[in-house]
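In what comes next, chain A is part of two complexes: it sits with chain B in the first one and with chain C in the second one.
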Partner chain A sequence: LIRSINDPEHPLTLEELNVVEQVRVKAMFAFRQVNDAESTVAVEFTPTIPHCSMATLIGLSIKVKLIRSLPERFKVDVHITPGTHASEHAVNKQLADKERVAAALENSHLLEVVNQCLSARS
Partner chain B sequence: NLLATCSRDKSVWVWEVDEEEEYECVSVLNSHTQDVKHVVWHPNQELLASASYDDTVKLYHEEEDEWVCCATLEGHESTVWSVAFDRSGEVILSCLPGVACSGADPTWKCICNLSGFHTRTIYDVAWCHLTGALGTACGDDAIRVFEESSPTASQQPTFSLAAHVPRAHSQDVNCVAWNPREPGLLASCSDD
Partner chain C sequence: VKDGSWTVLQLVEALGSCLENTDPRTRGRGIQLLSQVLLQCYSLLQEKEVLHLVLFYENRLQDHHLVIPSVLQGLRALSMCEVLAPGLAVSVLKAIFQEVHVQSLLQLDRHTVYSIITNFMGTREEELKGLGADFTFGFIQVMDGEKDPRNLLVAFQIVRDLIVKNYALGPFVEELFEVTSCYFPIDFTPPPNDPHGIQREDLILSLRAVLVSTPLFAEFLLPLLIEKMDSDLQSAKLDSLQTLTACCAIYGQKELQEFLPSLWSSLRREVFQTASEKVEAECLTALHALSACLSCSVLSSDTEDLLDSFLSSVLQDCRHHLCEPDMKLVWPSAKLLQAAAGASLRTCHRITCSVVPLLLEQYTKHPQSSQRRTILEMLLGFLELQQKWGHVEEDESALLSLRAPVCSVVFSAMTDPSVQLQLVGIRALTVLGSLQGFLSPPDLELVVDHLLRLILHEEDSQSSEAAMEAAGSLAPLYPQVFSGKMVPRLGEELRSEREEEGSRAPRCLQQRCLQALAAVSTHTSIVRETVPALLQHLRQVQKGSEARNAQDVVSVCQSLHRVALQCQQDAESCWYYHQTVVPCLLALAVQAAMQESTHLPLGKALLEEEALAAMVPVISAASTHLSPELAAQSVSHVVPLFLDGEVSFLPQNSFPCSFRPFEGGERLEAQRRLVALLMAFVCSLPRNVSQRLLRELLALSCSCNCPFTATTAAKCFAGLVNKHPAGQQLDEILQLAVNRMEPGLVEGPHRTQALTLLLWVTKALVLRYHPLSSHLTDKLLGLLGDAELGPAAADGFSLLMADSPDVLHKGCHADVRLMFRQRFFTDNVPKLVQGFHGAGPDVKANYLKGLSHVLNHLPKPVLVTELPTLLSLLLEALSCSDRVVQLSTLSCLQPLLLEAPQIMSLHVDTLVSKFLSLASSPTMAVRIAALRCAHALTSLPTAVLLPYKARVIRALAKPLDDKKRLVRKEAVAARGEWFLLGSPGR
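This part shows the complex of A and B:
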């Protein structure tokens, strides 16, 4: 799932930048731990550089990808790997706020950027 | 007659309705630094409370014909999604995870903290003015009801969990409301 997300600042995929390495591991762990009763997925991602301004966008893309791919009952938690970003608290808080996420996705330009991030690399 | 509205634009608006049922905005309050999630009126005074993404609850009243922010309740460590007054208006319940503050104008202090019951964000709290019960709407799809277990100690109330419906809905519960006339009747709504 996560491999195909493109880092908008770099033409390579997130996986090739090693960002998704931890995400993939965490995602695999999260999937293994999810049972029908809990329906939760927790994903951590590591931004390319600690001050990367694209961290929110990357996190949002991951969240959108998971929400679109999983059944509706799943709670999707996406946050920055602790200690890897200067504004991780602010970014995590935004990603956790479903009203803010919904409002962001109502912005057609931002939605287009997210969809580009999620489209497979040609 | 007053109406209050709030928005993601960080503001709270107060409106007055006149005899012809025309609404006029009488104040725009920009006290919060982030999205305002909820506003609610005091049950019998012209006192307004708001809850915000900036982790605070603010109170407003009119001073010399102008609406001002008269108190800020801090201490939450994340977004306050909702706030409710009890029947007397002396106690405020805010969610995350359910801290009740009390006091007369202008000092409010935290008197009770209901932590450890909710596993995800609490989106709404409702205080039944008939029975004094508290209802909560949570992102773990559950609805919980709390009742005061020591009604005599009004300075340090304790609440206990009276009911817990784990799968009240199949997705996040966003709002709960008590029926104002029939005790024990609670309405809820959800992302489902």
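This part shows the complex of A and C:
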């Protein structure tokens, strides 16, 4: 679901930049048990450089894409691969905060960038 | 006047008082009458009359402004006279230039002036040239300030003629440029319902033709273009770039010299910054044209070569970006360099010399495979440019000195674990191979080794397929290397695998060997080695006894089919192939059938339906391209084999019993199945039928219990009937067929067989517009109401409309008329609709199914025009509970949503509800199709969709949790697209 997200400033996808890798995605779910409270998806992503200013935005894009693409019962957890970003803790905190994510999507500039990341490349 | 009973002189005399009247209106009317007469009769005038009329009209130009329009009409009539005395044209024009202020006239009158000028330019070129630059100046004044697009088109044409036909421009070059370039870039939107049909594009092209018609404009035009490239309007940018490209065709170094630095910096800025692919493409084209122009200018010995300094600045600005394969500017820089390099041999040499070593160095510096891939893709682009210049003298080719490092980079890419990098490596290898004389013999050996390794042992099927394709395209260039090295290795692998037998992995290897043998058969000499190897393998497979053998037969046949397609163009290989393969396949099949009939357990694999079906395309492809003589020769062997059991032409023709496929008897069931092979052969030939064969086929198709044999016989019969020349013989055989079919359809054990025969014969006749086809179609329509045969008849409509893969298509010389589908549609859809309304509830679905099959195969443009009338029925079909109807209707609607969004948006409410409810259908295929349609809905105008956005997004949450992965995938795509609707950044 997330490999084809575009990077906000490179002409490449997150997969091509090795920002997301399959080994860093953990999912626990069973599609048969619709009410399973244990359904979670955890994604670790690796910013291209430790000071990457786009880290929050990339995380937000991944989170939004997953929220839009997964059934509601899933708990979506997006965070930075430990030790790969200078302000790892702050970014993780922002991404985990539901209200801040919702508020960010109210901002039309942010929403525009996120949508661009999620649009299919022509 | 036309009849000659009046002369113009008499007319003028009669009008006398009117022409001299003091009231300008009356005078105007008089002159108008005279002018109208002249417009109709100018060809009858005498030279003398013309002289007087011209003098009169010239004089009238000074008259009251009310009179002028009519005067100009008169002059236009006179300008078309052939007998106009020398000197008069000049005097008329002088008078107009002097007396008339053209731009204060109405549009129509201005147009008249332009017409007069055009007429004179067409017939009195020499005289006008005598006027010198005065004429140019006069015209500049006439058109200065023109605003009407209709007049501008004419005016631009006049300016272009002025320049192209070498009228004297004198000191007025800049004025002439100003008076036209002020319209650049054209900004014009035709008013709605414009009856004149002038498009923006017409104006752009005619203005561009003027601007690029002479190098004299260069010093004014180039600064203008540079300025407009910076415009905010994309259309202005595009127009400037296209104009620049056009200029380069006639400019030389002299014109460009002064502006090169600014042109380059504008082009670079656009390519580096633009988000629009169009602008980028136009920039690259312009750079290409610019470099080409600089390369082919002739230099005098003392001037410096601008090309050199230009390319230096291009290289200087782009080269360093190539070292950062992760950054945004990599590809724009590479594209700029490639555009410049593609312009000429010299630019190519210069840029390759500088860039290729750099890329090779960068490749070793960057260890990540994604970076290496980017670098190798750029390198590939430069290598492809080399292809364009063909074989180059050794000492000139910059690339030749880099052979070793280039090869090692490409080979290293092919051994890299990343599949993406391997794929680029394979493409690069293909290009290197096509550069004549680039690869040395030892390199070629290595190439073959690498390809073999990828083909046989690479796990990723994408890479191994790409390697096969590469082998296929290199084989004709180096036939000895491939037939000497690759084919024997593949053959060996195939043999050793067969001996081992057993585990599952080798089967995959065997499959790959077969595919590779087919892929590499792209040269006559190689075909002669691979075909025997494949046939040998087939014989071995057929001897084996395991159940999987049918699958193996299919694989071999697929490879043989591919070889056949590759041989078709070359007459010699085609005949070799036909002669070798067809008898061999027939012999194997006949042998198997006989063993079957004598109750031996062997040989069954070859008679399985799928195995026979796989042999059909092989024989068909081997026969379609034969010349008529060779085909006749072959027919004389094959047809007697089936009719009389004449086996002598088959290899190894000692069989235990005789071959009689058309005789009755239970034991011959296996032999009858071979009609499939007969069909493949005889239906692929231009035309050649014996009546006896037709009768035998007809009998077999109606009476045989085995559905496979009956269907095949019906297809074969249909294929032959379609090609049968019209006449008594055809009518007889068709009558015979109808007589056998009709009772069969009514009752008896063979109703299905009769229906199959009806379908195929109908198809054969519909394709050739035979008059009997409507009778048969009506019969079919009648069967839709039949409880037992109705569903099958409805599915038959798909058979009628679709292209059949083995018989009755253009490739096998069938008589297929253009637009038979449209014709079938107009003839039969009203009947289907009528039948639907009249039918009982239990058979209604049959009509809908038939209809949706017909619509599904109709060309989309036709469907779009018929859509308004049919849409309500299609929407009703969506509510039908039959899932075939649902599926077929959805797949019919999906492209329509994309192609006719305006019409579809009228029904958006129904569509949304239907798609959402079908998205929870119990059938997976329907769910997928419904979600695809929901996805396609997003191409309707956003304003129509927004009211449904929340509802759709909510409803699509459910299929996100579907138990099938493919359904979830479609749901994710559709839902994501709906989220983007109407929000920023889409």
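Methods note: the second predicted complex is superposed on the first by the 107 of 122 C-alpha atoms of A that agree within 3 Å, B and C clash if a C-alpha of one lies under 4 Å from a C-alpha of the other, contacts with A are read in each partner's own complex, and residues count from 1 in each chain.
The working rule: a contact is a pair of C-beta atoms (placed from the backbone, for glycine too) under 8 Å apart; a residue touches a chain by one contact, two chains touch by 3 or more.
Owing to the predicted nature of the structure, the values given are computational and were not obtained by experimental measurement.
Novice: Under the stated touch criterion, name the partner, chain B or chain C, that contacts more residues in chain A.
Specialist: It is C that touches the greater number of chain A residues.
Novice: Which partner does A:E72 reach: the first (chain B), the second (chain C), both, or neither?
Specialist: Both partners.
Novice: Under the stated touch criterion, which partner chain does A:A42 make contact with: chain B (first), chain C (second), both, or neither?
Specialist: The answer is neither, since A:A42 touches no partner chain.
Novice: So, does A:Q116 touch the first partner chain B, the second partner chain C, both, or neither?
Specialist: A:Q116: touches chain C, not chain B.
Novice: Kindly classify A:K93 by the partners it touches after superposition: chain B alone (first), chain C alone (second), both, or neither?
Specialist: A:K93 contacts chain B only, not chain C.
Novice: Check whether A:A103 is in contact with chain B, with chain C, with both or with neither, and answer first, second, both or neither.
Specialist: A:A103 contacts chain B only, not chain C.
Novice: Does any part of chain A touch chain B in one structure and chain C in the other, and if so which residues?
Specialist: On chain A, the overlap between the chain B and chain C contacts is residues 72-73.
Novice: Once bound in the complex, which stretches of chain C touch chain A?
Specialist: 326-328, 331, 368, 370, 957, 960-961, 963, 972, 975-976, 979-980, 983-986
Novice: Touching chain A in the complex: which residues of chain B?
Specialist: Going by the criterion above, the answer is residues 8, 35, 37, 53, 78-79, 120-121, 139-140, 170-172, 192.
Novice: In the complex, go through chain A and note every residue touching chain C.
Specialist: 1, 9-12, 16-18, 31-32, 34, 48, 65, 68-73, 108-109, 111-116, 118-119
Novice: In their complex, what parts of chain A are in touch with chain B?
Specialist: Those in contact with chain B are residues 72-73, 75, 93, 96-100, 103.
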